[in-house]
Every structure is written in structure tokens, then in C-alpha cells.
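Letters A, B, C and D mark the chains as written, and numbering starts fresh at 1 in each.
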Amino acid sequence: MTATATRQPVRRHGTRKFRLTPTMSVYIALVVLLVAGSVLVGMRGGVLLDHGGILNILTRGTVLGLVAIGQTMVILTGSLDLSVAYLIGLCSLIAAETMAGDPGMIVPAVLLTIGFAAVVGLVNGLVITALKVNAFIATLGVALIIRGYLENTYTGPAGSVPRGFQHLGYDRIGPIPVSTVVMLVLAVIVWWYLTRTKGGYHVYAVGGDEEVARLSGIRTGRTIVTMHVLCSVMAGLAALFLVSRLGSGAPYVGTDAGYDLESIAAVVLGGTLLSGGRGGVAGTIGGVLILATLDTIFDDLGVTPFLKDVVRGAVLIVAVALYARSQLARRAR
Amino acid sequence: MKRLMTVGVAGLLALTGCSSDLPEAPPTVSSAPSATKSEFFDQAEHDRQLSLRDAAPQGPADKPWEQALNPTMVDTGKYAKPGPYEICFSNASVDNPWRQVGWKTMQVEATLHPEISKFTVLDAEAKDDKQISDIQQLTSGGCHALIVSPNTTATLTPAVEAACAKGIPVIVFDRGVNTKCPVTFIHPIGGYAFGATAAEFLASKVGQGGKVLALRVLPGVDVLEHRWAAAERILAAKGVQVAGVEFTGNDGAKAKSIVSDYLQRGDINGIWMDDGTAAVPVLEAFEDAGKKAPAISGEDQQQFLDKWKTEGLTAQAPTYPTYQWRTPVIAALKILKGEQVPQEWILPQPVITDQTLDQYRSQGMPPLHYALCGCQQMPGYPDKWK
Amino acid sequence: MAPIVRMSGISKQFLGVTVLKDVDLDLHGGEVHALVGENGAGKSTLMKVLAGAHRPDTGSIVLNGQEVSFASPRDAQRAGIAIVHQELTLLPDRSVAENVHLGREPVRRGQVDRRRMEADTADLLDRLGEHGIAPRTQVRRLPVAQQQVVEIVKALSMDARVIAMDEPTAALADHEVELLYDLVDRLRSSGIAVLYVSHRMREVFDLSQRITVLKDGTLVTSTRTNQITQDQVVRAMVGRPLDTMFPDRAKTRGTVRLAVRGGGNSRLHDISLELSAGEIVGLAGLQGAGRSAVARALCGVDPLTTGEFEVDGQPVRVRSPRAAIRHGIAHVTEDRKGEGLALRQSVHDNTMLVRNAAFGRRRIDVERLLRSVRLVSRGTDQEVRYLSGGNQQKVVLAKWLAVNPKVLVADEPTRGIDVGAKKTVYELLRELADSGVAILMISSELPELIGMSDRILVMHDGRLAGELPAGSSEEAVMSLATGGQA
Amino acid sequence: MTQTETQSQSRRPKLASSTIPVLAVLAVLLVALAFAGSAYQEPAGYLALLKRAAPLMILAIGQYFVIVSGGFDLSVGSLVTAEVVIAARLIDGDESATLWVMLLMLGIGAFVGLVNGAITTRLLVPSFIVTLGMLLVLDGAVFLWTGGAPRGALSDSFRTVGRQGIDGVPVIGQLPWSVVVLAVIVVLAVLFMRSPTGRTLLAVGDNETAVWLGGGRVERLRTLAFVLSGLSAAVAAILLGGFAGVSAQVGDGLEFRVITAVVLGGVVLGGGRGSVVAAMAGALTLESLFSLLNLLGVAGGLESTVQGVIIIAAVAYAAVNWRRKKP
């Protein structure tokens, strides 16, 4: 069984026919959307992808991207996280209040925020794995607990961020915000983790079939808990980014934007199966960009926010229906 | 791999050059402490507002939206330029009837001025972060003037500062920001005046020892906090008993339930509200419990005025007039034409009483319409507001 | 020589039902140890205890002289114990190589070493003579038999000292079985201890050096293979001579209740058969020959696309299970838990399931019905998941009796149930037939099929290869099933 | 071998064992209410509680059908809002429009359910996603139609159902119409769950293959569950709109609250387990709890926290209890 490392598996590449993966279709859809949007906006005398437009799409995509990356990880294990929105609010307050305008407190505040987020993720994970509570209920419960704390403790924005920290939210490289670069780097790291490392393999295994994973010697509980911790940490990072934009912590900054359901929508739009085991971060980023682009196009067209919701809902359903359909077709073949 | 990425980023930096949209350090240092959790009470401002209630407005008598109280005019010559103009507006949201009425009024106002060639609006859908992006987007376009109705005071301050830094005139209305950089800040007298007027009315009706229930929308919004802060002091000073302070979230059903609960426990003589949206369901709670309607302070909402009229309520309606949505457009044009505007444009804040009820109430409007829209003479009235 | 593994006094209960009782088992290096017993005798459970998937209630496992206690399959794997599971434990969306190394991916510089993983997998596939499977193929794209091969490769890849195989040939074609024999032989000669779980006597006697027989969770006998005969093993498994189990055959044959002429679909070709009132017709064939496909076609699951279909002489269209049921065709499925019962619902509700679902009819006397199938339960409110396999199967029969079928298609009706329940099922089937129902019975256990059937249809490669009379020999059936002549 | 016969039988399906814990908790809460508030020392107090809880209880019944058949319905909250806003605009104070608008509301509820169900079963989109999409669509569409804020007004006769009652009833004084409506729906729901269709619906959530092979029309049944949920939202909208008039916030957060209620009643997400009575009791328990917290002067904000702790505890209790349970 040794001495095989040198052998090349030359002969069996199987039949590698071209297959349209969900990830590819997401990006094709994105390109189509950008082209169609450019035409529509152009007809009204505007330019979709000018400097401001690109900046806009990327800025909008950044926070949702961070949250959705985390959400992708938990959804891949077959779980989900409804607590991210309130967690973002609470984390923004923790960060801003700890910093309290003092540049020297930036590092402690960032560490504290991420640490706190990790603890919340740990609680989510343990409630799901140890208490065997359905992920929907577990994270909804945690969300409600955080919400109660926020409502009871905060009356509005609190804390303040030193100027130095605001660079995170406002600096950019050409038309690309620094924060977007950070988000994309994190996306690449998570993509690498999920597709290249042992831990990532186990995520797909747990999401694909928890019992099979267990019988194969994978510590399924640990995998789920880890992903929940990472998801919450991503939410914490999203909060840090928001704080740097807002200048202070805001209790409802996560819920006003609906990051809980919106991030799930982005993940699913990106071709990840809600039941887990299939999909990935690349698709999610595509999904996020589609949502951000839609928003920007609608803004440029001066469409009311109500129509946006209608279109968003319809896009979500249609996209998932198309994935389900291609899945069926493949099975029938 | 990571090394490669670092090199790549560095290369990109070199190519494109790093830049920042972060505004220059704010001129007012005071903004930082006021962003922390505050007690929402400022004695000087409180006193100023109470005295403003009696000040005589300057400006056309039949157009309160063009009036100003104790204005300090600022010169706007540096913004003057020939028309036509593109005016931009970053709206916090249109998620409640008050904003809805105001928003319609503003849209019509914009059509009244031929020198406005384009009125560009972005709606932040009540998201702070989106409004920051919106303001960035608007200021990167061809706007000649920017109107901002901030979603939250503290969190929108940096974005407004950034917009000021671009050199275009910025007009803020409704909720404020913690910076003096906008050319003008348009608002009615304010929350202290609103709350105090309502509280004084109730105190006079329920008398010493009377029980008043305070219904508030939600905590943390400064305008609303000011209303209660002033009311709380007056009620205490007049010896009125506050039976409770509850948050209704502007949900009629919730407000009605809360009041029903209180009525099960005992009588309530007066209802103080920081926002009159739920006034009618609250009154219904008294009806449904078979109790006499209390003294109540509502707002200029149509259904409340209708009920007041038909049932002869003991009521008063301090207002937070929706006509303030007209003013920013007028202000923007004045600024672009180089005319002087008040640095703080304080609009009068009428109070509807039994005597003035008929004057303000217009029949046939939808229940959630606000009477002080200042839109009665506008083209398309009343159908556009129905 | 000391055994690699010594299991002693193993007992295990599930939800109050004793599944294993004081079982001892030794596994020696270089030896194939066959574990035989009827379905439900406890073979799989014993194996799962060995694999760390279940913890024994009592008893000890000694590995290489040291007592061990496995908290998880991972522990067992680390200790060198690998399992080839009966049900597939593969992830359909992952590649062959990923499945083979699942949980034990080779890592190089922090990354999974995909190249090595694929090379190792290719090597193992080569050793098994499976050149047709590419390590990068998604498992869902492989046919079931090849998935079984992947399952075996997965166990092999663990470098295990002990390999336990749970009916590894169940889904394999004949040439694959031969390869497996070679493989098992090679594993044995390299000093590995093989636990071979099967109920196929031929394999057991071909491969093993030692046989242990389990019956109802207890060890009946454990001996060297060359010291026991096939008959003795069968008797030990069943506990009594098999032929006394079966009720008398039908005396008369009634009218034709179901007839198919020239039926076919993607898996079946030119199927013509008649089922008459009062008779039990056996349907035999190798795995994959199309036995279940016939059942599924008659019952509307995978409908026939060509040919004529008649019930009681009337032409009918059976395009869905609902249509089949409404024409009086009942379907006892192979997979009782997955397809037959709503496990969390009560005995009452499961008994009413078809009646409710297909007809929406009002209540009937459920208790009388359940008495007639000799159900043992704590009451009709009990959830069926708490019933034994045999009693669950009785509920399945009851739910079909509740709609008075004309035809009953029973696919492996005795799979996984104990001997007593088997006898009851046999009797019930015969009673049903006597009451005028036409029965088609499928079974992979030939003695049972021969013992029950009034005549036997044999499938080969999606076609009916021929018909044999009652009491035909196993050889005659096998001959037809493997493509020979009767 | 002797044949053993079925042992002592209880023929009728009794109160499922999973119903008992929630009923016990409910009983404790109701007694606690009597100690905490003087209003609860007479029947009228409890009647008022029931009146207030009626919309949530009705929604819980609707949601129960969906959850027990293995799905989710996240669209009910926005559906309630949409229904109220639509009703207000169509009626616009006109008494004569009341009846047909009410019927139309039921029609819209059923139609939204039908769409949810059809997309879930025919296009195989998970119900979580379908109803999430529907939530967005409804939220946007209704305000797109009315221009952002509710318009028009509900007629007095429309509001009667949610506000008024039958006066002069002995002992209790006024019997609210909403309680009457609730009672009718409860009876219908219980009868439905005892009917062949109801039993099959439960089985669908447990093992849909078995039901399909047993001749059931799985897709129709699951669609029916969504339709019933949509109808329950329409009825809840009639009651809520009647209770407090037009409001754009009337349905806010109801979807999660009602799922909480159903889960609190011991109904298991994923389907196949739990009773409709328990789901409804869960809703009443939640409302009683809020009333109690209110009486005890617990700050409004903490309501959510208590709600969060309770649902985790309830589900964890059920999960742990289930693992320990012997047949």
C-alpha cells in the first residue's frame, strides 16, 4: 500500500464532460445581470459600472459577504444560523463601547468582539449538538435572547470608534474598498479551508450524511460546533466593519438590514443546498454580488424599495427552483 | 500562496493608489461624547425650545414651511451657481405613514420648481449602512445639493461630514446629525416642546394625583426621547401620577393590549403619547373596556382628529408637522441661488386644540394622513395623498 | 495462537429489546471467521459493537491482549478495525477517492493530499480488479454494485488488522464475487482477521475457516468450518427443520385476478404473467435480475410503459401506487422501515394508513384486524418504531388487509424478522390466498420461496426466464436464474 | 408456538403524551396569573386573555399543519400584514364592501398557501426558501400597491369580529367574537386531524414514501397544509385588523412567534409528531407568559430573552426526554 505516491493515476480520468455547476451558473447570471443592468441604466442616461457604481456594489456586498461566508459554513454542515443579525448588533456595541474613541483600545476591542462572537457561536453549536435542539430553534432562541438583552440595555447607538479604526470602513484601493479586499481574502481562505483541508472535507461529509460521517470516524459534533463558532466570528467581523463605517455601535444595525434571512438567501442563491453537503463559498460570493448588483441597479433606476423586495423574493425562489430542476434532470439521466 | 497575494495587493496599491472616503477630522470635537449612551436631556436646549414655542415666526404667514423661528442667517454665496439644478435626497426610509405623507409632499414640492432638472432619491430602507453608501453614491454623482434625512443621528454623522467635505451644500432635516457642517438643519421646534405641551395639557386636565399612562414608540430615538424627557419633568412638577411608561412599537394592537391590561388594573385618567399613531386603538381600549375616554394627547393624524371631532374628546394634538418635508427643497434652491438661509431653520410647531380642530381637519382624507402636511394647496391634492 | 480480538459476554438491548445476549467471539489473524444467522439474529449488531458504533451493555472486547472500549467508530478504526457496512455508507456527492479516505484524508503541508489519495484509491481498486472506477468520479454516478466495491475499498484502505464485512456480496455481480473471494483470501494470507457476515451458505463454506452461528441474539454454536455441514448450520440458524415452517399448499386455483401481457419498461422486457385467486406465486432471480422491478411495475411505483394490464379481466392503467391500490393491488415493500411504515405514528394509524391515504374511508375494526394478524403490542396507541421487526411486518400486512386487496405483491416479506414471526407471515400469506387473494411473493431465500410457492417464476436479466412447478429444486431455480435452461 | 393476541387496547387515539407537558406548563401559568393580577380572579380576565391570544392560536393551528407535514411557513407574518392592508384599501370605510372583502381575504390566504405549496411540492424548492421568498414578495407587493403606507380604513362591521362580542352572557358578561371564531376553528382542526386526511397528513411528515406507496397524494396533502396555513393567516388578519385597526406592523415577527408557539407545544420541526391541540396550547402558553411577565413588571425587552430561553429549553427537554424514553 506504500510506494504508490509516485504512480500517476493517468488512465482513469473518467469522462470529464463539461458540466454547468451551480457556481458557474451563478456567475453567468451575475454577468447577464450586469449587462442587462448596464443597458437599463444606460437607457436612463446613467452608467451602472462607473467608479461610484462599482464602489457601491462592493460596499454593499462586503458586510453581507462576510455574514454569508459564515452562513455558508454552517449551512454546509446541514445547520443554519438565525442569530447572526442580533449578534452583529451586539458585537457592534461591544466593539464601539470598548474602544470608546481611544485608539489604544482598538486591538483589545477587536479581540474582545471576536472572542464574544466565538462564545455565542460555541453556545449555538453546543445547544445543537449536545442538547440535540434543531438548529432553527436553537439559533432562533439565541437570537431572541440577544434581542432581549439589546432591547433591555440599549436605547440607541452607543460607544464611539477612534478615527484610526474608521479607515477600515472608508479606505479603498482604486474603486475597491479595503474592507471588500479583506472580505474577499477571507472568502479565499474559507474556500481553501473547505475544499483543500481535512476539516473542510469533514464539513461536506457531515452535511452530506451525518451518520455516514460518524461511522467514518469523523467527530461530527466538533465539526458542527466549529462551523458555528466560525460563522459567529464572521458575524463579529461584519460588526467590526459596520462599526468602522457608522462610527458607533448600533443595536439594530444587523436586524434592520435583515442579515439573518438575507445571508441565508445569498447562500442558497449561490447554489448551496439548504440541507447541507453541497455548494460552497465561491457560489455564495456570487449570490451576494447578485443581490448587491440588483440593489444598485434598482437604486440607479429609482425603483421603490418595495419593488426590490418583490424581485428579491422572486429571484430567490426561481433560482432555487432552477437548481432543484437541474438536480432532478441529472438524477434522471 | 499568501505571499503571492501580498505581492499582488501591494502591486495593486502601487497601481491604483490608495485613497480614503473618510472625512477630514470633524470640526466639532463634541460629537464623540454625545454619541455615547446619554441621558437624552439637555437643560439649555430644553429651555430654548420651551421659549421658542412663544416666539413669533418670520416669513409668510400662510406658509409655515417657509417660516423660521429666531433665525441666524448664513451666507450661501459660495454655493451659488446657475440652474438648472440636480437636487439629491438621501431618505432614511418610507416605512411609516408620517414619512409617507411627508415624502409625497416633498415629491410634489420638487415638481413645483422648474429650475430643478433632476430630483434623485435613494431610499436607505432604514439601514444605517445603506444610507452611508447612498450618501457616498450621491456625492460621487452630479448632485448640486444634497438633502439628507438621517436614519440615526450618531451613526450618520461621519457620512454627512464626508458629504460636506465634497463641497456641495448639504441640507439636513427631521433628525439631526452631530456636526455643524450642513448649510442648514431644518426641523420643527423639537421634542422638548412637543412633550412639554402635551404634558402641560394633560396636567391641566387630570389635575394633581391624576393617573397618566405614557405610551412611547421605542427607546433611543433622540427626538422621541426629548419628548418624554420634557413631559416627565412637567408631570412630576405638577404632581401627576405616571401609571406607567410603555413602548408600543407604533403597533396599534400592541398599544391596545397594553392599555387594556392597565385598565384591568385600575382607572387611567390621561394618556400621554410621544407619537399619535396608535391613539385611536388606545381610545378603543377604553371603549371596549366600557370606560370613559381619557384626556389624551395625540398627533395630527386624520383618524385621531376624526374621532376627536365626532366624540368630542378631551384632547390636544401637539404636532411634528409633515410640512417640514417641503422646506429642504426650498432651502436647497435658495442656497443654490446664493440666498441667505437660517443656519438652524426652526419651523413652527402648531398645536391643535379644540378651537383649532376644524381649521386643521380636512374631511375625507385617509385615516393615516397627517393634517399638517402643508399640502392642501398643492397640485393633485387630495387624490395624491389618498 | 492468541486471537487478535476476543469479544466475551457481549450483551446489548435496544429500547428494552434484547438484541445480543452473552455472545463470545474470537477473531484470529489469518483466518476468515464466518458469522451466520437469520436476519435479526444479531449479526449486524455484534459487528457494530466491534466497530465502535454501538456500546455493549455488558461484556468486554480484548484487542491484542488489552481490553478496549470504543467510544466511537473512530476509536475502533484507530485500533485497526474496519467495517464494510451492509447499507452503503457513502456520500453520493463526493468522489470515490474522497469517500475511500473519509475521515482519514492524507495531509501534506496542511492540505489534503488529493494526488496521493487518488493514487492510493486507484491502487486499491486495481488490487480488487476494478479498473472501471475512476477515483475522481462522483459516487452518485456509479451503479450500486460499484458503490459496494467502493465500500470495500474504503475498509481496505484503513490498513486494518481486522476487517468485518456485513453481507459484502449482496449487491455484487458474479464476477465481482469471484474477485471478492480472491481479495478475502489475500487479506487472510496477509495475516488479517476477517469477520465475514453472511447468510449465503456457499460463500461461508468457500471462504471461512471458522463458523459462528447466532440465533435470536445468542450464540448457538462456534466451530471450525471443516467440522460442520451445511445442513447442521442451517438447522442451527433456524432452530428446527425448515420444512415444518410452511403451511400446506393451495388445493384449488381460482380465476385469474391479475394478468400482464408483454409488459415492459426501462428495466423489464416482455413480461407476461397471470396471478390467480388462491395461489402464491414465487418470483425468483438473482440480485438485479428485475424481481423488485416487477413488483414495482405491478404496483405502479415504476409503471409499465408497454403491454396490457388486467385486473379481474378488466383492462386497467396502473400509473401510480394510488391507481394500483384502487384497483386492488397491495404492495408489501422490501424496505419496511423506509417505505412501509410511518415509524413515529401509532399502530392504529399505520394500520389505517392505506385506507386513509388511498380511500379516505372511515374507521374499521382495527383491533379485530390486528388480532387476525396476531400482533403483539402494548396497544394500538403504541408507536410502531417500538415494535419488533416481526410485529412491524404484521402491521404492514394489516394495513393492506384493511383495504381488502385482490392481489398482494410481497417483496421479501420475511426480511429481518425472527423465526416465529416468519412462520406467522407464512401462515397469513396462505390464509390470504385461501380467502381468494392472488399473491406474488419475492424472496432471495430460495428454501423459503420453494417452500411457499404454488409455482415459481424465475427472472433473468429483466425477463421472465421460465416457470417451475411447486417443490422444484434449488438447482433448477438457480439454473434458470443464471441464464440456463430448466 | 402459541399466538399472542393484541393486549389491552385503548381504541381511540388519546391525548398524545407530548401534549401533556405543555398543558401542565399552561395550567401553572394560568394559576400564576390569578395570583399576579386581580383581573384573573374572575372569568372575564381569562376571556380577555383568550381573546388576545386567539389570532396567535389560530395561526399556530395553521402553522401546525405545515410543520407536521414536514415544512415551514415563514410567510404568515407578512401575509397577515398584507391582508389587513389590502382589506383597508378595498373597504375604505364602506360597510357594504365588508363581506366580499372578507371572502376575498380568505381567497388570498388560500391562494398564497396554494402558491407556497405548489412551488414546494412541484418545483422541489425547500419550504423554508419558498416561504422566505414569499415573505419578501408579499412585504414588497402590498406596499408597492398602496404606495408605502396603509391607505383606506376598515369598516365598523369588519372590526366587529375582532373587537366586539356577544353581550349579556351569564357569568362572563361579554363573549368576544374572536373567542367564538377560535372555538369553531379549534373544533374544525381537531375533527380534521381525526379524519383520514388529517391522519395521512401526519404520516406524510413522518414517512412520505410510505404514504405515497400507500396510495396517498403526498403533494396535494402538503399543498393543502400550506393552504390551511394561508387561511389561518387570513382569519388572524381579520381578528387582528378588527382588534386594532389598520397598521403596517400588524404582522411583524408573527412568523417566528408562531413557530415558537408550535414548537413550545411539543410539535417537532421536520414533521410527523405533535398534536394540533398542543400547538394551540403552545400559543396560549406563550401569550399567558407574556401577560404574566407584564403583570410582574418584567421589562418589555426581556420578553424576547424569556421566549428564547423557553423554546431552547422546551426542545432540549423533548429531545433529552425522547432519548431516555422506553417503549
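Basically, a contact is a pair of C-beta atoms (placed from the backbone, for glycine too) under 8 Å apart; a residue touches a chain by one contact, two chains touch by 3 or more.
Source: prediction; values computed, not measured.
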item: Given chain A and chain B, the chains that contact each of them; value: D
item: Contact-richer chain pair [A-C vs A-D]; value: A-D
item: Far-end chain from chain A, centres as C-alpha averages; value: C
item: Separation of mean Cα positions, chain D and chain C [Å, integer]; value: 44
item: Euclidean distance of C-alpha centroids - chain B vs chain C, Å; value: 73
item: Interchain centroid distance [CA atoms averaged], chain A/chain D, Å; value: 32
item: Multi-chain contact sites of chain A, meaning residues that touch two or more partners; value: 304-305
item: Residues of chain C engaged with two or more neighbouring chains; value: none
item: Residues within chain D bordering two or more other chains; value: 148, 300
item: Touching pairs - complete list by chain label; value: A-B, A-C, A-D, B-D, C-D
item: Interface residues, chain D side, partner chain A - complex; value: 72, 119, 123-126, 128-130, 132-141, 143-144, 148, 256, 259-260, 263, 268-270, 299-312, 315-316, 319-320, 323
item: List of chain C residues in touch with chain A within their complex; value: 51, 53, 72-74, 77-78, 83, 85, 89-94, 98, 102-105, 107, 110-112, 115-116, 118-120, 122-124, 131, 133-137, 154, 157, 159
item: Chain A to chain C touching residues, read off their complex; value: 1, 4-5, 7-9, 11-14, 196-198, 200-202, 204-205, 208-209, 211-219, 277-278
item: Chain C to chain D touching residues, read off their complex; value: 15-16, 299, 301, 321-322, 324-326, 331, 333, 338-346, 348-350, 352-362, 366-367, 370-371, 374-383, 386, 399, 420, 423-424
item: List of chain B residues in touch with chain D within their complex; value: 94-97, 99-101, 103-104, 246-247, 249-253, 255-258, 260-261, 264-265, 278, 280-281, 284, 288, 303, 366-368, 386
